Amino acid sequence: MLTAVAIAVDGLGFAAWLFLSSVGLTLIYGVMRILNIAHGGFYALGAYTAAWAVGLYTQTGSTIALTYLIIPLAALVAGVVSGLLVERGILRFMYGRDEVLMVLVTYAIFLILEDVTKLIWGTDSYVSYQPAYWLGTIDVFGLPYTVYKFLIIAVAIAVGAALYVTLNHTRVGKLLLVVIEDREVSKALGINVTLFFTVTFVIGATLGALGGALTAPEISVVPGIGAEIIVMAFAVIVIGGMGSIGGAMLGALIVGFSRAAFVHLYPPAELFSIYLVMAAVLAVKPYGLFALAESRKI
Amino acid sequence: MTTILETKNLERTFGAVVAAKDINIRIDAGEVLGVIGSNGAGKTTFVNMVTGYLPPSSGEILYRGAPITGKPTREIMRLGICRSFQIPQLFPEMGVLDNMLIALTIAKQQKPVLFRPAIDRVVEDEAIALLTRFRIERYAHQEIQTLPQGVRKLVDIAMATVSDPALLFLDEPTSGVSADEKMDFMRVLIDALKSTDTAVLFIEHDMEIVEEFSPRCVAFYEGTILADGPTGDVLKDAKVREFVIGSEFHRKPDESVETATGKGAA
Amino acid sequence: MTKSFDKTEWGLMVALPVLICLIFVLPAWVVNYVQVSLGTGLVALGVTIQMRAGLVSFGQGLFFCVGGYSAGLAGKFLGISDVFLLLVLGLVSGILISFVLGFLLRRYREIFFAMLSLAVSMILFGLLSSTEELGSTDGFNLPQATYFGWAPEGDTGKTMLYAVTCVVTVIWAIALNRILRSPLGYINEAIRENELRVEYLGTSARQAVHVTYVIAAAVSATGGVLWAMALGHVDPEMTNWTTSGQFVFVSILAGTGNIVAPLIGTFILEIVRVYAVEVSPNTWQMILGTLMLLTIVFLPKGLWSLMNTAKKKTGTVPAAEAVAGE
Amino acid sequence: MASANKGARARAARSSRNILMAATALGLAASFVAAGSAQAQEEPVKIGLVTFLSGGAAGPFGVPARNAAELVIGAINAGSLPAPYDSAGFAGRQIETIFVDENSKQKNADFQKLVEKDGVDMVLGYISSSSCKAIAPEAEKAEKLTILFDCGTPQIFEEIVTDPKYTFRTGAHATMDNVAAARYLVDTGVKTGSYAGINQNYAFGQDSWRDFSASMAQVDGEATIATEQFPKIYAGQYGSEISALLTSKPDVIHSSFWGGDMEAFVIQGSARGVFERSKVVLTTGETAMHRLGAQMPDGTVIGARGPHGDLAPESDLNDWFRKAYFDRFGTLPTYPSYKMAQALLGVKAAADKAGSADQDAVIGALKGLEWEGPSGKVSMALANGHQAIQGTAYGTYKFDKETGKAALVDVVRYDAECVNPPAGMNSIDWIESGFEGAKCE
């Protein structure tokens, strides 16, 4: 019983983190058809910026409460600046290229971002645990969990809901769906596709940075964290169906719960649990769970 | 005349939507048959079912008396049924001749063969001959992307004939061809096909073309067959005039057909 | 038709003795990079031929590793050190495993093929990383190579292994060039461009993909054996996704236009990395990334297109764009 | 049709020309590359230094080691080290360095390049055991003095190179980390009724847990295993593992986590009371103690994979090292820095003793050498004088809130003979034999 509760809460916590770390990736893929390896770079930038800013702030000895503002701000700054630089500086010259080639482009950008991060922050780890501690813990059936974990779960739900509402119930969202459906037609309709791409990319980058920034207080921010997140995020969005926000959420939940179950019931398999799940899901649903409907043109 | 294709009570549903129902058609060897009907009437669904692209929900398809229901496309092709597409399905990054060469290579090859060069002079001669038959040999060295729509349609149809089919479905061969060229276009086409004694079923929205080229006509409406018989009779049929020909005036120029989940070969 | 070689094949046959002679001309460390590049280059070749069918394998390291570990296990547990026997073993294991996996993978295209191949390779990574008997992530070492009972030491041994590597690589390159010109090669081109039409021409795209997958696995496993023999060591890193990723990047960077491109591309990338590390040991990734971007911007069809451009400039007739079999 | 053939011929001709051009380009590139290799070097001793400069191991290991190398080599060149290392250079010769990133797929080729192209006099480096396994035979083949300074697997001289001539390892192997951890728990009277492990799922983590659990079976036959957790290396998120540790309620938790993973585990675990409910042993905890400060819970058992860092005994050399390192890099040196310094000073001691920095002289002198590093005495006692042994120590963490300084109390030192298998004995066999022949005080 206790184990079942633990699996549920741990799985949910892990899923929230996965969703926040991968939703930007699926958004960019859905709109721009770019499988963005540089996403890992944005995640790392967000984590570093947040850890660094929180570290600076806490040294002043002021109330920890403000750090909950600093974290999203750090993500916003990191995401917008780096997203704009990458999109305006590099990617826009490459639109229309082969999808596979774009993977290589974003990989090159990722390599550059890794070293940029290292040049800015060095290789020492950054710890900024204060926000994760300050809220204390609550017991769930005798198991203590940090309140911060539940905060992350709440943020994940909020981000998911916000994206859903924006995409499905606003004018901008509907225009965006048109862009996704047919780039040429939307140009003909007078939609500013370039602007949509820029904005989407920046939002995607910011979401990646937000994933990193929110995680920063729970971990030690070190070089290489960006590389770790990429494959995990890919797996999540492939399981859910590429380009689908709901799919990313479902994929994160599936991976989160199965990983938690493995850890509690059969720890040695944790190492490849995510890949087992991915292989199993794809074997049954070859295009992921929420594959986007695509018009057949015969 | 021998019947080469016969369908019995073919039906196809997509969820709650009935795309085709009670489709009973016989096609004789060598005959030319026009199919009319507005969008969503089930014409392409019918072709998709017969060519194995969509398995029918129920019903039976007999080819030369033997059932072919539910067989994969490639097997049905091997038996001698081919089709062209409303939107030409070509190899867009290659030239016209290369398209034909590849098509011939594949059509001749039942299983992947290694180590033997695929293309030789014989295949090249054949490819040129095919292009000549459809009078597009002068485009042989052009890239597909640079071709006018009508030529693309012809390449698409030429490709469908590489294995000398006994029955050929043409899905809106004249769509994308300008109105004043349609007649000439169809004449080239039908002449080229008549020389091989292929039975041809073509889907067409232009009644003049149907009258001109097909002695027999089938009218589809909302997934069912409204009328089937000599073209003159069918076109005069009251129901056909009301539901099919009347609606042709409201036809949208750009149409896409079924929407299915997932990404297939398209 | 089978008897005639095309120009690429003649070129390869002429290049073989030149390649072997490099060991007497170039400093040993460069030859070393040539040798390991031929090993990993074969895997890139495996990626390339799948790419011709539009399939991007992000898990080709799987077969690289299967080859390496087959040789390693045979050496460790069966005491086999004969290069030719190990090559056959690696080849057979690669073919068997890919044949079985092929039934699953041939249903997938595009990113789904990429991710599923990645998943399968990572499952092997996980299994090997938790097998302490095989040294876990540290891997284990291989015996010194022998040749039908002959066990050359020192420089002779090195030269021998290098020569075998060259010969095997060239044989594979010729065989693959042949396959690209064969009906299978054309079917693959067609699958990449329009799979629907392939089915409507009466051929099974899945079967062709399956066969291609097995061939790619076989060449990759061969590369794994040769690489492991040269290194004398295998570890699960061989099947990690980062390793597979590099093969993909080499293939794209080099271009899929010619069978030789990935082999040379691997070597060039290796040398560029070595110099980037030497110039700036702390930020070499940035240099590498920048060079990649520049390559993509200026040579979207890969490094190989440099060759075509050079030709065009000297006034040779530019024929139609590359078709299968070049 | 004719034109089709012509096109095909043109294509074929072009492609064969391309191969020739490519071959030429390859040759040109290669000879260009080779041109740099023939330079003669006379005076300085050239060392190829290989550590992680990128990837996850760079921060905790590679870069601190590199920093220590720069610091110590600078001091050796300037002759500014405390006695007995106050003479300049290796036997009077200045030192030149060339750094290579260990994070590479072609480690062996990189090694050869150092040896042949760069003409180094010795290679010093390698943090990962996987690298050491691959490099040791290569070093013997290349007949180049190679000093492994950090990697931990006992296999190097036990299985891989059983008769080393050119390969040395100046750091003790990893067995003692976990044997000493088990001993420390018993020696300080910790309740060990049940114990759990959380270790990274790769060779080092698996070996550490195997050695620790085997040792626990020896020192406390009654103890039972509560749970064995093996998260992926660099996972960063340990929520589920921590829940599993909490629900299985062990008295002791063993972890060989290092770097960011260890710090993340401390942050996430301490927030959820793991450290209050169980005694936690961190075999590499020393690298994080100053960074984590108050966040590391008091009472945590801390090791440094040898008597390094805060566990190093006091000496002039150690004082100099800590001060100079802190002044230059702004942090205190951690054990990878100590191990690097230890290796460099070992070579200097050997070269000075032989009066020459030539390879043969250094090899001759280094064999079986005893010298003082910043962490105390090191002796090349095993593997025919090629493998160092060294004592180790463990301590318990205590954070002084007043001064804001982290410290280790209840430090227990273990002699090399107490926690290492004797020459010729496999480590796990030795542990299971009940530490046969161990000499403990």
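For reference, chains read A, B, C and D in written order, and residue numbers begin at 1 within each chain.
One rule holds in what follows: contacts are C-beta pairs under 8 Å (C-beta built on N, C-alpha and C of every residue); 3 or more make two chains touch, one makes a residue touch a chain.
Treat the numbers as computed from the prediction; the structure is a model and nothing was measured.
**Student:** Which chain has its C-alpha centre farthest away from the C-alpha centre of subunit D?
**Tutor:** Computed centres place B farthest from subunit D.
**Student:** Specify the chain with the shortest distance from its C-alpha centroid to the centroid of every protein C-alpha atom present.
**Tutor:** Central chain: C.
**Student:** Just how far, in Å, is the C-alpha centre of subunit B from the one of subunit A?
**Tutor:** Whole-Å distance between the two chain centres: 46.
**Student:** I'd like the Å distance between the centres of subunit A and subunit C, where a centre is the mean of that chain's Cα atoms.
**Tutor:** 33
**Student:** Mark out which residues of subunit C touch at least two other chains, giving numbers and ranges.
**Tutor:** Residues 6, 110, 129-130, 196, 282, 285, 320, 323 of subunit C touch two or more partner chains.
**Student:** Touching at least two other chains at once: which residues of subunit D meet that condition?
**Tutor:** Only 7, 54, 201, 230 qualify.
**Student:** Residues touching two or more other chains, restricted to subunit A: which are they?
**Tutor:** 114-115, 118, 227, 268, 271, 286-287, 298
**Student:** Going by the contact rule at the top, pick out the subunit B residues touching subunit C in the complex.
**Tutor:** 51, 72-75, 77-78, 82-83, 89-95, 98, 101-103, 105-120, 141, 143, 159-160, 162-163, 263-266
**Student:** Okay, in this complex, where on subunit C does subunit A touch?
**Tutor:** Residues 51, 56, 104, 107-108, 110-112, 115-116, 118-120, 122-123, 125-127, 129-130, 196, 241-242, 245, 248-249, 252-253, 282-283, 285-286, 288-290, 292-293, 296-297, 300.
**Student:** Please name which positions on subunit D make contact with subunit A in the complex.
**Tutor:** Contact set of subunit D toward subunit A: 54-56, 58-60, 62-63, 201, 227-232, 234-237, 239-241, 243-244, 246-247, 259-264, 267-268, 271-273, 288, 291-292, 295, 331.
**Student:** Could you pull out which subunit D residues touch subunit C in their complex?
**Tutor:** These residues of subunit D touch subunit C: 7, 10-23, 25-27, 29-31, 33-34, 37, 53-54, 98-101, 104-106, 108-110, 112-113, 115-117, 128-130, 133-134, 137-138, 141, 153, 155, 160, 201-204, 206-207, 210, 230.
**Student:** Show me the residue ranges of subunit A that touch subunit D in the complex, using the header's touch definition.
**Tutor:** These residues of subunit A touch subunit D: 2-3, 6-7, 9-11, 13-14, 17, 114-115, 118, 122-125, 127, 129, 132-133, 137, 143-146, 148-149, 215, 217-225, 227-228, 259-260, 263-264, 267-268, 270-271.
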